[in-house]
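We call the chains A, B, C, D and E, going by the order they appear; numbering starts again at 1 in every chain.
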Amino acid sequence: MSDLLTRVRRGAGEKGPGGPASGRPGRTPRDLVTPGLWLLLGLVLMLLPFYLEAFWLRAGLFAMAAAIGAIGLNLLTGATGQLSLGHAFFLAIGAYGYCVFAGDPDAGVVGFGMPPLLAMVLAVLLAGAAGGIFSPIAGRLRGAYLGIATLALIFIGQHVLFNAHDLTGGYNGRSVPPLDILGFTFDNERVMVASVPFQAVEKLWYLGLILLVLGALFARGILRSRPGRAMNAIRDHRIAAGVMGVPVARYRGAVFIISSMYAGLAGVLLALIFQRTVPSYFGLILALEYLAMIVIGGLGTVGGAVLGAFFVTVIPQVLTRYSEALPLVSAPGTGGVAPGEVSRYLYGAAVVAAVLFLPGGLVRLPAVLRARRARRRAGTTDTGNMEVPS
Amino acid sequence: MEAAILRVRGLAAGYGPVHALSSVSLEVPDGAVTAVLGGNGAGKSTLLRAVSGTLRFQGGAITGGTIEFAGERLDGRNAAQIVAAGVVQVPEGRQVFARMSVADNLRAGALGARHGRRGEQEARDRVLGLFPVLAERAHQRAGLLSGGEQQMLAMGRALMARPRLLLLDEPSLGLAPMMAARIADTVREINDQGTAVLLVEQNAALALGLASRAVVLENGTVALSGTADELAASDEVRRRYLGVGDEEAAADAEAGIRAEHDHSDGRPTLRRWVA
Amino acid sequence: SSKAEDDNTGGGGNAGNGDAGDGESLATGPGVTDDTISLGALTDMTGPYATLGVSITQAQQLYVKEVNEEGGVCERDLELTTRDHGYDASQAISAYNELEPNVLAYTQFIGSPFVTAIKDQVDSTDHAVIVAQAWTASLLGSEYIHMVGSTYDVETINAIDFLVDEKGLSEGDSIGHVYFEGDYGENALEGARYAAEELGLTISEQQIKPTDEDMTAQVGTLAREGVSAIIVSAGPRQAASVAGVAAAAGLNVPIIGNNSAFAPQLLATDAAPALLNEFYIAAPTLPIGSEEEGPSTLAEAYLAEYPDATLDNGVVAGWNAARLVTDALRIACDNNDLTREGVAAAMQELNDYDNAFGIVHDFSDPANPSSLESFILTPDTDTPGGLVVEREAFVSELAESFPRE
Amino acid sequence: MTTFLELLITGISLGSVYALIALGFVIIFKSTEVVNFAHASLLLAGGYFAVVSRDTLGFWLALLVGIAGAALLGMLLEFLIIRRYRGRDHSVLAIVTIGIDIVLITELARRIGPQIFSYRDPWGNTMMQLGPVSIPQTRVAAFVVAAALITVFLLAFRYTSWGVAMRAAAEDRGTAALMGVRLGWISASAWAVAGALAAVAALFLSIFPTTGLDRETGLIALKAFPAAIIGGLDSTTGALAGGLIVGVTQSLATGYQSELSFLGNGIGDLAPYLVMVVVLLIRPAGLFGTRELSRV
Amino acid sequence: MSHEVSGTPTDTTVLDTPPAPPRLEVIDLTVRFAGLTALDGVSFAVEPGSIHAVIGPNGAGKSTCFNVLSGVYRATSGSVRLGERELTGLAPERIAALGVARTFQNLALSDHATVADTMLLGRHRLTRTGFLAAGLRLPSAVREEARHHERMREIAAFLGLERYLGVPAGILPYGLQKLVELGRALCMEPEVLLLDEPIAGMTPTERRHVAGVIAAVRENLGVSVLLVEHDMGVVMRLADTVTVLDFGRRIAHGDPERVQNDPEVARAYLGTNGGAETSSATAFTGTPEPKTDPTAPPAGHPAPDTGAPEASDTPEGSPPDGPSDGGEAGATR
């Protein structure tokens, strides 16, 4: 092997980023710290319902539901490179599907009165099926064309939601039957746990956590192994992916379906939190918010989707809540900039800033900071031509 | 040595944290061909990009040193100004405008130079004379040309600007022997018409055959420099870049394999995989 | 510290501490302290209904200020906490729930889907009185959720009655109805269909979206169908476009809109001539520009407080709603029951309630609107708020007979 | 038959306004490969600049201010944001423009508040008689202006160096720079042109038969998405065709609403999207768009 | 050529004689693009386990031929057979599944994917883990991943890439990137390996290395190799058979010696009367004076009609006889 290659090797070997599939060196202290941190985080999350007021729990739940949906979108847009502006449509299918399947048969709107857990599963499958119906179209279109074609889904969806009164309840939506798992109902009935009253939000909190963790692990599993590699290959070089044996069209279709199922699950969870589904919610703004989430958080990664979802959903709530206390923000009706406006400025700007200054999104922030610190410590010594750019 | 048209002094450049060039100095005499040799990743393309002001499109920047062209500083100017000054680069890997027609690619080549319609027409005639295939394919989309055709287009496009200094980044890459020879002829022809050429080539034999002077870049710095003949005679260059002179390997594929095997890094034999 | 509840405050949250200042035992609920009564307002100041939301909110803030200057209610100051939800479901529901533990009642809630969304929760657990800023029949039926004035269906029936009585429509004629998708338009359409059937008229339905601003196609269709009048259950811009296009196309028929189909800003646009010709608005109150005492004092006070603001029907709606809640609070105070149930009960007592805006309301029957009466208004450039009364408050017989399940 | 004709003409006149907006999309897409979701805000901004200066400057000058303002804003966006993007994936930039749009629309809506601004244009409410059909004079003006502008840009793209430079820059900025293309100027000019066109569209969208400019006016830019896609995102001819198709579809679907009632109410707004989906099924790059071709 | 010298079989015990791959046969293959015939009735066969070179001037149709073989383009007429199987008309992934692997003339790598992930992509056809198994991390999936990871490391070690496994492919120097592409193709455990200019743009040392690798691959694995390369030195030494294309037609065929001395080949391709020892290097250092204009069509050859695609603004129908990629003409990125 040429010595040029050897030189290069020196630079890279020292501090390869250790990608997912690369050889894993022996455990370093950092490797042990991380599981500890995760454990701690898990514990804190488990305890939150005992301390946080319902407002924050609800905000957290919205964020969890959004995170599930964003993970799905990130599989599609981030990892496979298929721009979708129609995610809200699949959220709506999940939400309304659940209501229809679980709904009370005698309540004026169509309801099959199924056990809620079954309805939940069916709603997710229904969303997947809807994605499946659209996937042949998705498979044919590229880039911006696909993005705008999915926009049609939003408009079709809204049209149906407003018009199919029997199914959807029309403009004012329909109420959401509470989830019930083996006789335990996630409703507002107060249950005392350690003398803390548990109502719907507290109960749903745990459901949300479980679904989010499972959804995240599942997506991570996909991304880090065979299907994930194929998806990335399709994004980066479609022709090469095909030549390497990846059935491109089938994969694109499959990812579309999976992404829709994530959206469906997020929709069900949202419906359970709202306790009512309203059509106006599932509009273009929502779809754009999901895109903002994955860009702010980081395209193509599970962590990015989760971080972005929390950023986009929690910021407006915080700003609204503390509108009186924040500088520059004024309470409604007093003139000046309203909190709703501030949060829109903020997350609009965050999208721009994330792309321009933090490519890779919020998930990359720790790595970028660490690299910067390391560089500062090391000065600007030449570390060879092959140093991995951060 | 004639007056240098391009003077690079103490040039340092990098891509963010990557340092690609450090204190590179060289001079390109007017009206002559100067070759830059070096292995993969030695910084050859970086040098050309620094001169043509296009480093920033790869996320890089000049971090030190000066570049002077015909007595004027180039560093700090933008690419368009550099083209206007008469320095034009043919980028590595051709980079034709894939979705534009061949004719429009050539028109694009004339954008930066201000020679008027007449000048453009003359330039076009010259280019089409050099590469008749471009006339045949005038309306085809450039991205659909074969590799060699794209290389011709890239050269032709650069010549449309009628440069005083032409920067060529690996023009023979992927060319059939005859085509490579033709490119070599073209370089010589252009040079004869008074255009100075800074030629980056992996194919050292080709480069040294064309050039009057050459430098060898290694690891981002100038390792050797001298006249082409001096370098061609140097053992180091012969062994590393001309692929000759290593008595054992002797530019022989089989010997290459043996050499690899004799190496102590012990590259294993690949066995057939059984599922 | 954890949210663990002490045993003595556990339970419904409406028990409250009994030690009211004046010695008598005043029961108090959430949001009531020794010196304040907290009220909530859920508004849209950054979304599609921002125009309405700003007027309503400012009027309510003004009202609260005036009440407090006069000594408050039940020896307590009113405190109005406003949350802007930007017409977003998650924000609206969050905001409702955020305020819920801390307020006694809501003087404002914009967005009928969101009100519907929390309706069950209000009826079953929260019991907070809410005055909704949407006049759709779907919100009826809760003893806690109220609207001031007739619903859109009734309003539309009254409007058709006006057309028949005074604009010469008769059996066999056809009316165009341009309406928004969603419950405002659809509720109005229900009224229109009922009236049309009863009167032997036909309705030519044109559904539009809030984003449609050019009514050429719709009016063209109506013109071809030879309608004798047009009802607009849409926003001000759509109404203006309908009027403008109809006038330009020579379709000279009366046009009547619901309360939300007019904004005084329209009179500064090119649509003004068309609107001043044969355009009417059915409304559940006197216009703000009326000479009557209620409107004129409000207009004066409002402009004093917000000199740059526009006087529109949102101001009236906001003021009336705040005033209604306050009056209910006063009754509840007299009843020594300043709990949510107490306020709800007080609302029921308001069965002959004159809010000085021309119509007497009855809030005792949750299944029916507080009034079936409508004014018919017409634009007028010289009047503040841009509307004057064309026909005094009346109830169409059809509105009385309109079946409500 | 008259009905159909009338709907057709109404649709064409409306469609020509959509075409103006779509043309802006297309120019930005052609020169920077960015799908500009911030077009709605450019449109609203152009309108806003014009209407707020209407009283002091009079109609024509105010219109000029609107056009110049939107052009400047477009250039500014390009200069401050689009140009700073280092990555290669243009769909990420599309999402960036969504971010821009959110910020700008919020700011403009806040400034506009509850007002409805009138241009008080010279055409007024006059209708023109075309055979049996009467249509607003403003729409005839819109059609003429749109057709003229589109022809100009079609020719410019094909035959001027500006067009060549723009296409070169769209493909590969780095290589275009090697050709001496002044990249900054090129993409800034594309954004400026798109802004200017949007401002022109804003004018036609807020005068008769529409009531005036208010905070919601920008939303109409949404109609230009299907228009641009139906025509093909990189085709100026396509922008015109797409705009007209969207306008006509919408007008016909609205006009025959009662016949189409089985599809639900308000099909008029949905119809362009349905047409778009059908077109894409048959031609994945729109009617006039170039199919993306590449070789390995 | 003398492949008995190459690749010293070090460990004969594990080298069970590989089963011969099926014969690859190209029969009368024609590919036309709107108005341009890129391949015109070309026929040749790749004998099992041989190295077969395709050479020819730029634009002769070599890559086009590869694109048909790998399913990226659809042939206008003619057929390609791998053993009994007909390849024309199959989608790329179906062809890959039959054991046809290729590299690309211009790199086709993901910039951000690590070398390891890039190479593992090549294992796609050999692995089964689907979305469900991957998402749930089923033991079968974990086992499969580990096993193939192991093999991927072996191949990387064989190529000398093991140090870069964790590095994004995009930041490697060109030569290494080409090697990664080769590694990715080898990871497919191909029966037939199509190499499109595998050593273009490399230093002499790297060229030697890669040439050695190619010889060793054939030797160790017994795969057939179809090679497009302009470095005549390497072609002459590696190839068993050479097919020469010019303007889409086969102008010569046979063993390297013969082909090199064929005057037609010298005229159309080599540009000299190329002696047997002509290496790419010496071909340039001399002052070759092409006798004929290499780009002009040879006498009697119809000039390609270039009424091809229009300027970008016109609708472009799919050329009726164009190549197809899942129903669309041309390849699309």
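Just so it is clear, a residue touches a chain if its C-beta (ideal position, glycine included) is under 8 Å from a C-beta of that chain, and two chains touch if they have at least 3 such contacts.
Listed by chain with UniProt protein names: B, E = ATP-binding cassette domain-containing protein; D = Branched-chain amino acid ABC transporter permease.
In this text, all values refer to a predicted model and were calculated from it rather than measured experimentally.
Counted as hops between touching chains, the shortest connection from chain B to chain C is 2. With centres defined by CA atoms alone, the chain at the far end from chain B is C. The pair with more inter-chain C-beta contacts, choosing from A-E and A-D, is A-E. Look at the CA centroids: the one farthest from the centroid of chain E belongs to C.
Annotation: 74 Å between the Cα-based centres of chain C and chain E.
Chain E has its Cα centroid 46 Å from the Cα centroid of chain D.
Chain geometry summary: the mean Cα position of chain B and that of chain D are 44 Å apart. Distance between chain centres (mean CA atoms), chain C to chain D: 37 Å.
Of all residues in chain C, those that touch two or more other chains are 46, 54, 181.
In chain B, the residues that touch at least two other chains are 18, 39-41, 59, 99-100, 104, 141, 144, 260, 265, 267.
Residue numbers of chain A whose C-beta contacts span two or more other chains: 1-2, 4, 8, 142, 162, 239-240, 243, 338, 341, 344, 386, 389.
By the touch criterion given at the top, residues 46, 48, 50-51, 54-55, 181, 204-218, 220-221, 224, 236-237, 240-241, 244-245, 247-250, 263, 265-266, 268-271, 273-274, 310, 312 of chain C touch chain D in their complex. Residues 70-72, 91-93, 95-97, 101-102, 104, 108-114, 116-117, 120-125, 127, 129-131, 134-137, 141, 144-145, 149, 153, 160, 163-168, 171-173, 175-176, 184, 188, 203, 205-206, 209, 325-326, 331-333 of chain E are the ones touching chain A in the complex. In the complex of the two chains, the chain D residues touching chain C come out as 2-3, 6-7, 10-11, 14, 106, 109-110, 113-121, 124-127, 134-136, 139, 205, 207-212, 214-217, 219-220, 222, 250-251, 254-255, 257-258, 265-266, 268-269.
Taken together, the chain D residues at the contact with chain B in this complex read 86, 161, 164-165, 167-168, 171-183, 290, 292-295.
Against chain B, in their complex, chain E makes its touches with residues 2, 5-11, 14-16, 18, 33, 36, 55-60, 63, 105-106, 126, 151, 154-155, 157-160, 171, 173-176, 186, 189, 197, 200-209, 211-212, 215-217, 220-222, 230, 232-234, 237-238, 268-272, 274, 278-288, 290, 293-296, 303-304, 306-312, 330.
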